[in-house]
Every structure is written in C-alpha cells, then in structure tokens.
Amino acid sequence: MIKVGIIGATGYAGGELVRILTNHPEAEIKWYGSKSYIGKKYYEVYRNMFQIVDEECLDDNIEELAEQVDVIFTATPQGYLASILTEDILKKVKVVDLSADYRIKDVAVYEKWYGIEHKSPQFIEEAVYGLCEINRDKITADTRLVANPGCYTTCSILTCYPLVKEGLIDVDTLIVDAKSGTSGAGRGAKMPNLFCEVNENMKAYGVANHRHTPEIEEQLGYAGNCEVTLNFTPHLVPMNRGILATAYAKLIRKADGSLPTEAQVRQAYAKYFDKEKFVRLLDKGECPETKWVEGSNYVDVNFVIDERTGRVIMMGAIDNLMKGAAGQAVQNMNLLFGLPEEMGLELVPCFP
Amino acid sequence: MIKVGIIGATGYAGGELVRILTNHPEAEIKWYGSKSYIGKKYYEVYRNMFQIVDEECLDDNIEELAEQVDVIFTATPQGYLASILTEDILKKVKVVDLSADYRIKDVAVYEKWYGIEHKSPQFIEEAVYGLCEINRDKITADTRLVANPGCYTTCSILTCYPLVKEGLIDVDTLIVDAKSGTSGAGRGAKMPNLFCEVNENMKAYGVANHRHTPEIEEQLGYAGNCEVTLNFTPHLVPMNRGILATAYAKLIRKADGSLPTEAQVRQAYAKYFDKEKFVRLLDKGECPETKWVEGSNYVDVNFVIDERTGRVIMMGAIDNLMKGAAGQAVQNMNLLFGLPEEMGLELVPCFP
Amino acid sequence: MIKVGIIGATGYAGGELVRILTNHPEAEIKWYGSKSYIGKKYYEVYRNMFQIVDEECLDDNIEELAEQVDVIFTATPQGYLASILTEDILKKVKVVDLSADYRIKDVAVYEKWYGIEHKSPQFIEEAVYGLCEINRDKITADTRLVANPGCYTTCSILTCYPLVKEGLIDVDTLIVDAKSGTSGAGRGAKMPNLFCEVNENMKAYGVANHRHTPEIEEQLGYAGNCEVTLNFTPHLVPMNRGILATAYAKLIRKADGSLPTEAQVRQAYAKYFDKEKFVRLLDKGECPETKWVEGSNYVDVNFVIDERTGRVIMMGAIDNLMKGAAGQAVQNMNLLFGLPEEMGLELVPCFP
Amino acid sequence: MIKVGIIGATGYAGGELVRILTNHPEAEIKWYGSKSYIGKKYYEVYRNMFQIVDEECLDDNIEELAEQVDVIFTATPQGYLASILTEDILKKVKVVDLSADYRIKDVAVYEKWYGIEHKSPQFIEEAVYGLCEINRDKITADTRLVANPGCYTTCSILTCYPLVKEGLIDVDTLIVDAKSGTSGAGRGAKMPNLFCEVNENMKAYGVANHRHTPEIEEQLGYAGNCEVTLNFTPHLVPMNRGILATAYAKLIRKADGSLPTEAQVRQAYAKYFDKEKFVRLLDKGECPETKWVEGSNYVDVNFVIDERTGRVIMMGAIDNLMKGAAGQAVQNMNLLFGLPEEMGLELVPCFP
C-alpha cells in the first residue's frame, strides 16, 4: 500500500485526488494537508466525502509528511513548493507537483511568465515533466520529482503532438483556442467566479499572456525539435468541468504541392495514440465533446482537414480536474511505483 | 460472472446501468437492447463509452434474451414489460424492472394513475418492491421479479420513512415538495426539454396528479400501517442530475403536549439508517445538497424541527439516475445474486 | 424629471435599479452610491453599462444626497438605513428602502429574526409596506418612507393573498416552499456562491429560520385578519434570476362538506388581480415558470385544487431582481410621485 | 405606424422580434405567421407574452400578408423565402429576410454551401446585405429586400472589419473561432439540443464547412477589396444567448519591420465604430463578455496585440437573437422607413 500525502487537499484538484485515491487499490491517503482548514474534518470541507473520509485536515508540514508517506502530491499555489522543497525531502519521498514550479526548464522563462522568483531552481533539471503518454519512460522508480502538467497544457499538447512530432504542420502558424469550465479557477472566493458572473456568460482571458503558453511551447518544441512560438487563448465557459482545445495550423504541403491526406494525418495520430489507454482518437467526423470525458482520465482528440485553407483543425477534450490535474497525477504515481498505469483511473465518463 | 441483458439500454437510465456494470466485478453485459438503434455500435449512441463498450445495440427480443442471460434490466416505457412478460420468461431469468409496471400492488390504482390497462396483473403479487433498505430481506435468490422504485419515490420514501414508521408524524399532514434535474425527463426529443426551455427556468409540473404519488403513498402506508394520502409536487430544475425532496408534516405531540425532541427524531432516523451503507444521516444543521451525492448511490437525509409550527421539515437528496434508477437496480441485482450489496456501487460522489 | 439617488448601486438590486431607471422617462439617476467603488466609473463595475452610464460611484453620504435628489433608493445591508435615517432626511427626500429595516411593524420581531438592534424604530410606524398591489392607496405624495418588500415575500404573499383574504384556506396549514435563483445571494465574494458550488446543485437553506418568514406572516395576517404562523423554506437553484413559490394549504370546506370549486377559487384570485397590470393569473392548467417573467415586473400565479387531499396548491413566479426588488421599488417610486404605476416597467419578459 | 408581418413568428428569432416590436413606438405587428401553430394564441406558444399579445398565429400566406402590411420579416428555414418571393410581393411590401437566401451574391456559392437550389436568384442582386454599420447608406426608402446577416457573421465581421478595411492584417492568416449559446440552434425538438446533452458540455461543430463561412468571406472580401478564404469554427456552449468570436491574424509589419502599435490598431477601430451607437470598442485590457450585451443590440469589440507572434487577437460579443438576428432586423426596418436607427432598440443589457 502506497502511503500518500496531499498538500492542498481542499482545493478542487486536491478534492479530485481524494475522490480518485479513495478507491485506488494500492494507495492510501495518510495526510490531508490544508492550511485553511486545519483541525476540521475533511468531510466538513467536502460534504460529498461524508462517511467516506473521516480524517481531519492537517497542516502543510512537508518535513513531517516526508517521514510518514511514500509520495506527496502538492496541489498548491505557484511558488509554494519551490520555496519549501529540499534535497532532504526528496531523499525521503517522491513528489508529484500539480503546480507549475518545475514544469519549465528555463528558469528565466518561468520567472518572467509567473512574475515570481524561483526559490529552488536546482531541482528543475531533475524534475520530469509528467505528461505520461510522452514521457512515460522517464517516470520510474528512480524519479524523485514529477512536474504534473497544467490542465490547458495537457489538452493542448496532446491535441497537437503527433502532427508536430511528425512534422506535418508548420508550427509557426499554430494557434490554440481553448475553452475551460470554471473549476479551473479554483475554490477561492472571488467575485468574478460567482455563479451569477459566470453563468450565461463567456469570455476570453489572459489573452497573449496566459502562463500555460510557455509550457505548451516548450513541450511542443521538444516534439518538433524546433522553437515554437504560438498563440494560446483561454476562455471561461459556464460549466464545472472540461477543457476543449481547438487548434489551427497550416499543413505542410508535399513536394507536389498537395496536402497530406486524411489518412496520412490519421496515421500520424494513430502512431502515437493507438496503444494509449487514455487517449481516444475519435472516428472521422466526430468532434470531441467535453461531456464524453467528464469524470474520467480520457483525452478525446480528432481533426479536420480544410482543403480550402490548407489548414488542419485539431481538437481535444479533457476533464480538467482529471487528466488535467488529479487523474494525471495519479497516473504519474502509478508509473513511479511500477503499478499498472491505469490503476484506480478506470472511471467511466459520466453522461449526462 | 452474472450475465446481464438490458432492454432500453440507450435511455439515460440504461446508459447509467452500462456505466455502472462496465466496472462491476461480477457482472457482464451481454445484451444492449435498444429498438431505436438496432445494429448501431453502443458507443455511437453514447460517445462516452467509446473504446469501453464495443458491442452493437440489439433488438428487444425478451424470449431470446431470457435464454442468454441471468438477469434482465428493463428500462422501458410504462406498460411495455407488462405487455411482454410471461411465466416462461420468469422461469428462466430474473427481471429487474425500472418501469412502474409492478410497483403498485392495486392494479386499479395503477391503471387509474397511468391511464393504461395492465397486461399481466398476475405478476404484481409476486413482484418485490425493490427499495433495498426497506425490503432487503425479500430480495433473495428466490425472487424472480423486482419492481425497481421510481426516482422521486425512492427519495421521498427514504426521506420520510423513519418518522412514519415510528409514528412520529401525522401522515395526514404530509406534503412532499420535490425538485429534479432534467435527466429524469429522458432522452426523447421533446421541445419542453430543449436546453433553452429548461435552462434558467423552473416550474412545477404534474401538480396533484404525478404518477409517483400513489407509489409513495402505498409504501409509506406499509411503513405506518395506515392509509396515506399526501400531496406530492415535482419541479423541474436546470441541472442534469439530482432530486431534492423537502417534506413537511406535523409532529405528533406527546401526552404532555410537547413535541418530540431533536434527539428523539434523530434517534428514529438512526434506528433505520445507521447501518445503511447508502443512506447518510447528515449532522445537525446540514441540509442535503444534490451535488454531494452526484454520480453515487447515496441518499443524504436530514431534518429540522420547527418549534413555532410544530412541524418537522424532512429533506433528502439522491442522484436520480443512480439511487433513483440504475444504482438501485444494481443494488437489487446484487441482492438477487447474493453478492455484497454495495458491489460495483462504491462510486464516490463527484464534486464539483 | 425625478432626481434619484441610489445607495448601494453596485449590488445586484442596485444594478437592476440602474438598468430600469436608465430608460425611465421621468427619472434621472443623480447619485450612484457605492462605498466599495468610490471614484470608479459605474461602468467599470457593471460593464453592461459601458457607454450608457458615464458617472462615477460616489460615497454613501445620505445627508448630502438628501439635498440633491427627490428620492433615495437604499439597496443596503440590513440595519444600515436604520442606523443613519433621521427626521431631517425624511423632511427633504422620499426614501424607498430595499432592505428589511422598516418592513416589520413589531420591532421585537425584527430584532429577534435579524439578530440586530433596530436603531430608529421611531420611523417604523410611518413606513408603508410597499407591496403595491395591496397597499397602493397608502403610497402617495405624502408618503415619506416606503419599505420595499423582500423578494421571497413578494412572491409568497401575492401567491396566497386572495385565498387568505377571502378566507378560503386554513392559514394554520399554510406552507410555502420557495426556490430562488442565485442573484438573491448578492454579489459578495463568498465561496458557497461560486459557480462550481451552485451549478448542478440544489439545496434548502435557512430552514425554519429564514428572515422573510415573519414578513410573510405579518402581511398575510393583515390579509386574513388573524395570526399567521407558517413554514417557509427557501431553496437555492442554479440559475441567475427567478423565484418560484409553491404553497400548500387546506381549503376550508363549505357547510355541506364540499370543497370550494375551481371556479370559486379562480374567482377569488380574479377579484384581486384581474385589474392588476403586473399580476397575471394564468389559464387553468398552466404552472408558472420563472423564465416567463424574467427581466420583467410580472408576477405569474395559478393554483391547482387537489380533491384527494382537500388542499390547494398555489404557485407564483417572479424575477427576484425585478418585482422582487428593483422593479417593485420603481413601481413604488411611480406611486410616490403620481406617475402611472407601470412607467418604465413595461419591460417584456425575455425568452429564452 | 408601420404595419409589420412576421413569417416564422414562433421560432426563437421570431419570438425576439415580437419582444422588441411590442415596445417599438412606430411599429405594430399585424400578422403572427407560424404554420406549426395556426389558430393558437401566440401567448400559448410563448407564455412570456401572456396578457401582452392576444393575437392568434396565422398561416404563412405571403401574398395576403403583402396586402396587409408595410414590412415582412421572414424568420424561416433556408430556401423558404426564395421559393415564394415574387416581384409582385416586392412591389407591395418591403421584406427583411432573416434567412440566408439573399445574403450571398454568388448563387453558385450559396447552392454549394447550403446544398439546395436557389429558386429566385433574380432578386439576389437587388437584395441589400443588412449589416447596418457597414451598408447603412444602401438601406433606404427605396430598398425592397434586405438580407439580414447571420448571427455568427455579424459578430465575426464586425470584430474584424476595421483591420481588414484598413489593410492592417494579412487576411490569408485570418481565423475565426466562435462560440455560441444554444438558442442559435432553434426551437426544433432535436435530441442533441436537449438540456442534458448541451448542459455541462462543449463542442465544435460544422468544422470547415459551416454555412456562415462564405458569408463572412464575401463581406470581408468587400472590405479588404480582395479574396478572403478563412477558417471559421463554431462551438456550442451551454448558455441560452450570446456569441463570442475570437479572431486571429498576422498584423502586416511596417516597412521598418515593426508591428502596428496598439494606438494605431485602436485608431482603426475607432475610425469605423466611434460614432456607432451599437458597437462599443472596449477600453484597453477589457475582453468582451457575452453577458454584457445580453438582451441588447450591442456589439462589444476589442483586441490584443501579441508582440511575440506578431498576431492581433480580435474579440467580439453579441446577443445572437438581438444584433445577431431580430435586433439587427429591426435596425434595418428603422433604416428602411427613415426612423432613427436605434428606435425600439435601446434595451439595456441585462446583468446578471
């Protein structure tokens, strides 16, 4: 039984970790860390867990935690883990970080986009970017620190990855227009996230400056072995869960001037995703819908070629709290401990 | 492995059966019956099941089905099962009926409220009303036919049962005001159920004539060993899942004119629900919320005593597709086959 | 042109006052009071008003305001107006108070339910309860202070008024089960009102102790010329606007033991509402829906007689920000200044 | 008083026409055409209009209508008006067509994208494309036929128009990613538009083949005096009203290689929209939100320059039933009859 500690157990991502791990056959939560609710029963914060979880919330004492558990999930604000992580802790315990602290290899890029100083850049190099489908072989029993990808990033990267990797699209023309449910904004009491402000409303935000941009660029850059600079625009949509990414890029024409065919593009997706449990390449003509993955760890992707414009429209859908956060974090934990990757994650999407 | 057939597998309740049974360790769906989609892949009807269920939809041939499976779930319109059920079928297979056909013991009452003739009244007597918490001991290996309770009924009965049973309330004053998400209205293409008609809207319907009324009355009548005639008013609310019942009744004063105390009423609830896995009596002061049970088989109940009016306000919340339909049906299946009652039903409520 | 000042112009009710008054042909807002946003453009707080309102938010200086305007609307927290209102102010300006400070005639009742001391009880007697359809003749050029009714109260009272007034129901059996959209909870940044907490969720709250209870009781008591003690239960529903009240009471049987007929009950409603612009008695069989009144000042009411239980189910729907707050406040202003009661309020309900 | 007839008065756009025209000071609806509801009271189809509109629905007899009214609005399926319009009718009455029949000048393009034969191409030339802000001077007392623009088109064109017109962007790089509320899908009873299918869900549809594409291309082509071929991707979002367009294009660099400045781009928008009543160019940094224009005829637009990618992100928001359909149609009517363009359209956006 893997002993698990969660720091930030009472945010939405933390709550989703608890929901998953409660039914995980090889893991057991030993520490519900939540500095806002210390001493409160966890079920008083999330009443859905009444009679399921009886433990109290504890403080965020990572040293103490490192003594008691095998793996720590940190679902904490940006900069928090970087400010407390030490070599000593990493010697004792594995860490899966749901914040952005170790996702970006270039510390200057991190500091510029996040507007904060990175307090422990010495661990960035070692941290593995935990996008399991792509970096699976780097997430092993030897790995100490996993940077769990962002929600928008997971969706955006997996949507575009095969075509970037296979060199089928001109990355300089790549644009990702993403739409997210509101749980991505967290459980903090902020006026713009009130029901009446979000409901029956829609808007773009973080236009040209959202923090997930450099993360997408870096990872797609690795895939394409090139510099990627793209536009990423997130939108807020009146629903609880779900991210939909719609990406646009020019297909690279063949020597004869023709576009890659539907079959060729499909083949590229199939090459990377056919054996993936959690990535579902939809049938031709089907557009991903967020509801079809809700509550599950699936990523649904598909594409349409527009002969008129020479572009491919790539689409992907995830549950932002699952594959976009807690689900992927557990997937990483499974890899770290040599368990079947899908263990505890075979939750069937809930419809309607 | 229990072999399962579903007639009506493509309605919302049928879809929920599939979601649950897909992960049930002792059951296997052998027949996805759906007369509207014969020959279509099931996942083409519910895309959430893509790469999870690969079977095609079959017709509703109950005789054939009876040969092939151990249990049939019928998630069909009222009157359908009654028109096709035979002794021969019941000799071969157990049936859990999610329609109303065998819920009401008095066929005249059924025919009056449903406005249709009952085609096989000979099976009514034998059918067990499958409200597991109350009729558990009647649902056994010998049972052939289970009448799975209605969604509103399940919620309403469990909310009031202990106080009726213990004689703490005057049943002549009982009123149940219930509110439901829209999945209860089914997947049929009807204008009043369009998104734009339901969203940002609320209404009562079926006032004084909703078909779940006699079912609630009959079952509470058994509990109280008396005639029960009550008002039941359902409302449509803009959400997918969830039923909330708010019930009102006069508490019966003690000989000295005083009301039963909070502790006494709580004790009555505890007497019947303390050992129940799926019924959660909330802490004093907590009102049930539908979101806390969403996606799960739980029923959350609580009450408030109003000293001013001498009434008790009883409240209950369920997921109408789970405890209100498919979840309870699987709970019944587990009982029928001697499995642990909660098998396959330990789904943690999903929040948010 | 009536000069209008608003204290609390940036809450949802204040915003709705601005929306209405912007198009009112005889009124002009001179003071957008909002202590949280002093110095900010009003449109920066409500971007829907961009290029419509160019004024800045001002502080809540009621003395200064009294010099400059003809009528002040106070859309402020309970107790605020009571703590600042003076004879001197009332000599200069009319006040329409959207808070509860002067709604309840018995100061002890107010202090008990609201849990605060009333700082200016000397004005309670003089304040007119501004439920226009009932107290119209008391709202005149001589009136200085109007207590604008609460949202739940307006809906509940108008739903039941004719039957209480005509003595058709036993008020001791009266129960009001009400459901409200979330704008009633205000624009304050509170976690329970976040989108993800309210959306896809439903709950009762304030059970047996909601503050609108004594207000409903007092007004229905005047109507029935009797003491009224009832159960009022509010529920939170995932929509922006709208209140639906479902009320239950025993019909008083006639000497021969028969119930009042549909026609007789309808006649009672018609007697009070037939000439009312803003109250619509629906056709038999139609249940009020909140969407049908959204954005308008209408109250839709109807009823069903249940012969089985001898009860009448009364139903009413309003837009809580319109007839439940700002719309009724403007209706009161119109009466105070001798204008046609519907002036500026002929907004057609918006569907869908 | 302008006498108005509506063919298709019971669709959502038709209903919105009725809502607006009911309060229009110079127009009067004489004919509520609805072939599905002939003989029914209009308010039985839209209960919000109870006691506001007392007329019955009539058939779609356009010849008869042409005798009785001054202007006909056709809110009908594609191809319908084209199949019944005659010279004789146009001699008697003005027609504002909310369908696509006369929007596209090239009949071959129309027939290809709509997949139907155009039955009266002889009127295409004469029809004025009624995007008032751009074609205002062509909509006069002499105009007989106005092709009212599509909802997505109105939003997309106005969002991009100034930059195309001023030659600031490379139109070959133009991509419009649009998101719409569900009322755009109409009131027909279709399963994919059921509440439970749309709610908590999001998807793209009509990818690379949505019919509004050639309309946007044609109009932007006129603006830029060039061929425009672009990607337009609509998405369905769980809300009733509102369209948000997010458009991307490369800014054309100046001779010195620098990008146009924020001020220059803003100046281009201001040049075309500063005097427009219904187009609001937001302050720098503000992203349009659909809720800010809900229920009104406004278009909110703004942009962000991304120095990193050299692109400009243009954003626009409308209410699809107002500026995207009925509001613009009335705006056209006002122009046709020499009335102030904003008459009857000064509806303040409703928030929340």
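So that you can tell them apart, the chains are marked A, B, C and D in the order they are listed, and the count of residues begins at 1 in each.
The rule is short, and it goes like this: a contact is a pair of C-beta atoms (placed from the backbone, for glycine too) under 8 Å apart; a residue touches a chain by one contact, two chains touch by 3 or more.
What you see is a predicted model; the values in this text were computed from it and never measured.
Of the two interfaces, B-C and A-B, the higher number of touching C-beta pairs belongs to B-C. With every chain reduced to the mean of its CA atoms, the largest distance from chain B is reached by D. Centroids built from CA atoms put chain C at 46 Å from chain A.
Centre to centre, using the average C-alpha position, chain A and chain B are separated by 37 Å.
Residue positions 12, 183, 196-197, 199-200, 238-241, 289, 291, 294, 352 of chain C are each in touch with at least two other chains. Viewed as a contact network, the protein chains are fully connected, with every chain touching every other.
Here chain B touches chain A in the complex through residues 12, 15, 19, 22-23, 46-52, 183, 200, 240-241, 280, 282, 286, 289, 291-296, 300, 346, 348-352, going by the rule given at the top. By the touch criterion stated above, chain D contacts chain B in their complex at residues 12, 182-183, 187-191, 193-200, 238-240. For chain B in complex with chain C, the touching residues are 173, 175, 177, 179, 181, 196-197, 199-205, 207-208, 229-231, 233, 235, 237-242, 244, 246, 248, 287-291, 294, 304-306, 308-309, 311, 313, 315, 317, 352.
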